[in-house]
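Two complexes come next, and they have one chain in common, chain A, joined by chain B in the first and chain C in the second.
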Partner chain A sequence: MVAATDKREATPLLSVDDVAVTFGGISALNGLSFEMQRGEILGLIGPNGSGKTTLFNCLSRFYMPSSGRIHISGRDLLSLRISDVVRCRVGRTFQNVAAFAGLSVFDNIRIGGHARVGGHAIADALRLPRSRRAEQAINEVAEALIDELALGDVALTPVGALPLARQRRVELARALATDPQLLLLDEPAGGLNHEEAVELGALIKTIRDTRGISLLLAEHHMGLVMSISDRVIVLSFGRKIADGPPAAVQNDARVIEAYLDGRAA
Partner chain B sequence: MELFTQQVLAGIATGGIYALMALAIVMIYQAIHHLNFAQGEMGMFSAFVAWQLLLWGAPYWLAFVATIALSFVAGVLIERIVFKPLRRAPVFSHLVVFVALFAIFNSLAGFIWDFTIKPFPSPFGTTPLFGAGLIGAHQAGMLVVIAVVLVALFLFLRTTRLGLALRAAAANPESARLVGVRVGWMMALGWGLASAIGAVAGMMIAPIVFLEPNMMLSVLLYGFAGAVLGGLASPGGAVFGGFLVGVLENLAATYVPVVGSELKLPIALLLIVVVLVLRPYGLFGRKPVERV
Partner chain C sequence: MSTVTQSKGGERIAAYGGATAIALALALPFAVSGFVTFQLTQVMIFAIAILGLNLLTGISGQFSLGHGAFFALGAYAAAIAIDSFGLHYGLTLPLAALICFLVGFLFGLPALRLEGIYLALATFALAIATPPLLKFSLVEAWTGGVQGVFLAKPAPPFGLPLSDDQWLYFLTLAVGLALYWVARNLLESRTGRALIAIREHPIAAGAMGVDLPAYKTLIFGISAAYAGVAGALSAIVVQFVAPDSFAFWLSIALFVGLVVGGVGWLPGALVGGAFIVFAPNIAEGVSKGLSGALYGVILIVLIYLMPAGAGGLLRQLGLARGPRSSR
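Then we have the complex of A and B:
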């Protein structure tokens, strides 16, 4: 019993091991390895084109690494199809918002709840009691998230009609509705003003604290990353050049150099 | 005035058939972003299946429901067997397959049931309703059937989890996969529904145009006109477009002397061209947002 508990704790939530991705000769990720613990907020920074989104796309199975391994709670992620990643409880938002534009905010969040209860097409078609209960549960989850993320005033508005900052909120709510243990946020502060970014930082911390989940946060907004991350990883040209607490990473000579190079280029 | 009411009602009745065709076309368009040229022939083939079941002695409504079920399964199989492997193929491959499906269903129907014109029974009889003969019994019954299909589909898409998953898969396949929707199966479901809707259209129009392998040709074109008019991205718009085409067609044939029945079809086609020139995304369609 004790041994079993130890083993579970010893297995990291996420382990990325020597992952490489190439696009026609360009190496977007190169020998990337790192681990993530439960409840951790991990910042992921790096100049434009350094491979942050590429890593996310590997974690959601949109891209297949040319080599390397990825495990979620010890489970081999790269053997799953995209629609099964959600069953490993990995949720995600996109750098270019990818909400269901024509669907209402409520429906966008409800679809996230789908994954949680699983689909039983035949039971659904026959409107069996089990399906009704499942649908009830999905609606309750969606309503709670609408309250939590303050989307009540636009619940029935098509997402495409909302300003970008709110569309990002909807995407976040949709991801949370899938009940993730690992949440990947790709530039959630993109297009937000300073005030909104501060608010977002507080929200991310609350999400971690109330749910005990881990977040991987790819961001250019240094203030946000450095203020809420437990640890920060820095990518440059697809390679990891630093990994440590925010304060240490910020003063790392290689990191400063990478950013200066990026600016000069 | 009575002539006008009569023509509008008749237009709404045939428009209902176009609405079903337009809806079927949009269901598939949303799944694979191509127009299914074989939609009419699939509906025609379904009508022949119903006719065969009736010939074997099945009661009308049993044959009706069985045909819908068989057509649904056939639609799912067509997607799984023919279109799934083509998912990333260029437009031209799709075009060739649609033309092939068209020809296969057309000649298969001719081969099995020959090309002679056959009467097809109406479950509602042929007597005019309301004494004055404002609308025939078949037209009235047909409108009820169409209304039931539209309401059932609307409720399915709006209120069930599966309907939500189907809409999500059409709106953004990648995001849908990410929340666990099996997008491939949703496409197959879209095909099954389109095929079933086409079957209803075929069985309802057959008593009017009579049963023969080429019976759906003009219906398909009117359906396209309706779908384009309403905007290919909007099922509700397509349904409205179908009804509109039906009414316009009838009024033009009645009140514009030169149109008559020969020019009805060119009028519908002209309508497609005019709408596309003025509003490339249809009356209700939105220009897709492009991100760079």
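Then we have the complex of A and C:
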């Protein structure tokens, strides 16, 4: 693996190494290790409570693992502050849509562009040229995303007034506005109907193909995960029980068992 | 600007409204008595403090029931700088802003751990502690203890053909307009959006790269600086500071002014300022003995008629933009 000529190629985009998280004696993640390459779509599945969102919250620095290491492009993620995670180009969406509900679609996406430009409150307070240039840059990013994700008709509508599928799309646009290399999508198909989920799958593939970014997709919607993932990791009670191409994982006896158990419980 | 167009109608109403208000403000002191001019100056002073409180509460969602303390700090900073150190009164405004910014910023650090009503209580403690601290014997040489500090009334500079009251009115108006402009700029910038994001969804704001502790302490400092400038202006205009002018009721009054004007709507500060100055007078005019009760009745009626303050009322009539959006 280290024999690769280009060092950049050799360093995985994301490396999660022996990560464990415990909440009051209950183990939410246990010795989880995996790597992600650039441009990869990695599906993360598992029954409720298997640790998917816990992993996401470690990657966003909301939780501190009790042990283990996480590196992003070779950088120690666990030494970063929450607000610096996007500056290492890790973007995310949330399981229960964490949009700024009272703000317009346009403003939501503009906040996603917050870390894209430098800025200073004094420059903003006095409307210095520097501040206007930053504003211009953020507006351009937001307008391009509004066009790309076909949100033009609701650009000035408060996000809270939109149907769920569109709220999820706004959240996706907002995450893309952070200019991620790695995009974490936490159950993006949650609450979507079949048609909307298929549309979302196509959109995720397009995003990967046009931007060359990697996506980590935690999802219950099997059809979606199996159809768009290059690789799938299965979690059960905080442990990784399978890791491989979708077809292989689908037929893995332990995976079937975990899901049957989950359903029986 | 291909896909996103602003509602030009609302912009135009706001622009006309602003221009009319400024024209009216420029003409008023020549049409009313010196005492009314003095009262209007006080309205603007309270409006400046409420503007600062609105940046903190309306925009970033942090509560303060202690802004009277920053008002007092600004007033005393100005009074002591003029009285003990002979500083020109004009220079006391940036001085008060700086001191209050620093104190507000420092107070904002421990306040980071407090949310909602707990922060309101912590700031309220600040308000209650202020008068005794100002009377404290160790600082009496500067603060004048219970007696306070008396100042001379500044005369108009450059031989301007204005009365003292008119000059102070225009000085306050100029400072107020400048601070309004700054508040507006902040609100409509990247900084303003970051603050609104913190109010709307702090976790998501953090995930978008908004440095919560930095922005929360920053806006605490800025907000305190506004209150401090208002306090300094008050010291100059009233020519007197005393501990009991800054009892906890001042903090409550500022908060009431914020709510009456409309939380999150910047021009509402003027309505709030007017309420602070005139509502007790009106109540007293009706009945001296029951003025406190009448004040309460006026407040309840106002909140009943316009639950979202003056800003909310104008919004319902389609005359003002939403408080939540930054545009």
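Operating definition for what follows: the second predicted complex is superposed on the first by the 260 of 265 C-alpha atoms of A that agree within 3 Å, B and C clash if a C-alpha of one lies under 4 Å from a C-alpha of the other, contacts with A are read in each partner's own complex, and residues count from 1 in each chain.
Operating definition for what follows: a contact is a pair of C-beta atoms (placed from the backbone, for glycine too) under 8 Å apart; a residue touches a chain by one contact, two chains touch by 3 or more.
In this text, all values refer to a predicted model and were calculated from it rather than measured experimentally.
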item	value
Joint occupancy of chain A by chain B and chain C, clash or fit	clash
Touched chain A residues, chain B compared with chain C	C
Which of chain B and chain C A:Y259 touches, first, second, both or neither	neither
First (chain B), second (chain C), both or neither touched by A:E143	second
Which of chain B and chain C A:A155 touches, first, second, both or neither	second
First, second, both or neither for A:F62, with chain B first and chain C second	both
Chain B versus chain C as contact partner of A:G112, first or second or both or neither	both
Chain B versus chain C as contact partner of A:N96, first or second or both or neither	first
Where chain A meets both chain C and chain B, residue numbers	60, 62, 82-87, 92, 94, 98-103, 107, 110-112, 114-115, 119, 121, 124-125, 131, 134-135, 138, 174, 178
Residues of chain C touching chain A in the complex	1-4, 6-7, 182, 185-186, 189-194, 196-197, 200-201, 203-212, 218, 222, 324-327
Residues of chain A defined as touching chain B within the complex	60, 62, 82-87, 92, 94, 96, 98-103, 107, 110-112, 114-115, 119, 121, 124-125, 131, 134-135, 138, 160, 174, 177-178
Chain A-touching residues of chain B, taken from the complex the two chains share	160-162, 164-165, 167-168, 171-172, 174-183, 233, 286, 289, 291
Of all residues in chain A, those that touch chain C in their complex	60, 62, 81-87, 92, 94, 98-104, 106-107, 110-112, 114-115, 117, 119, 121, 124-127, 131, 134-135, 138-139, 142-143, 146-147, 152, 155-156, 158, 174, 178
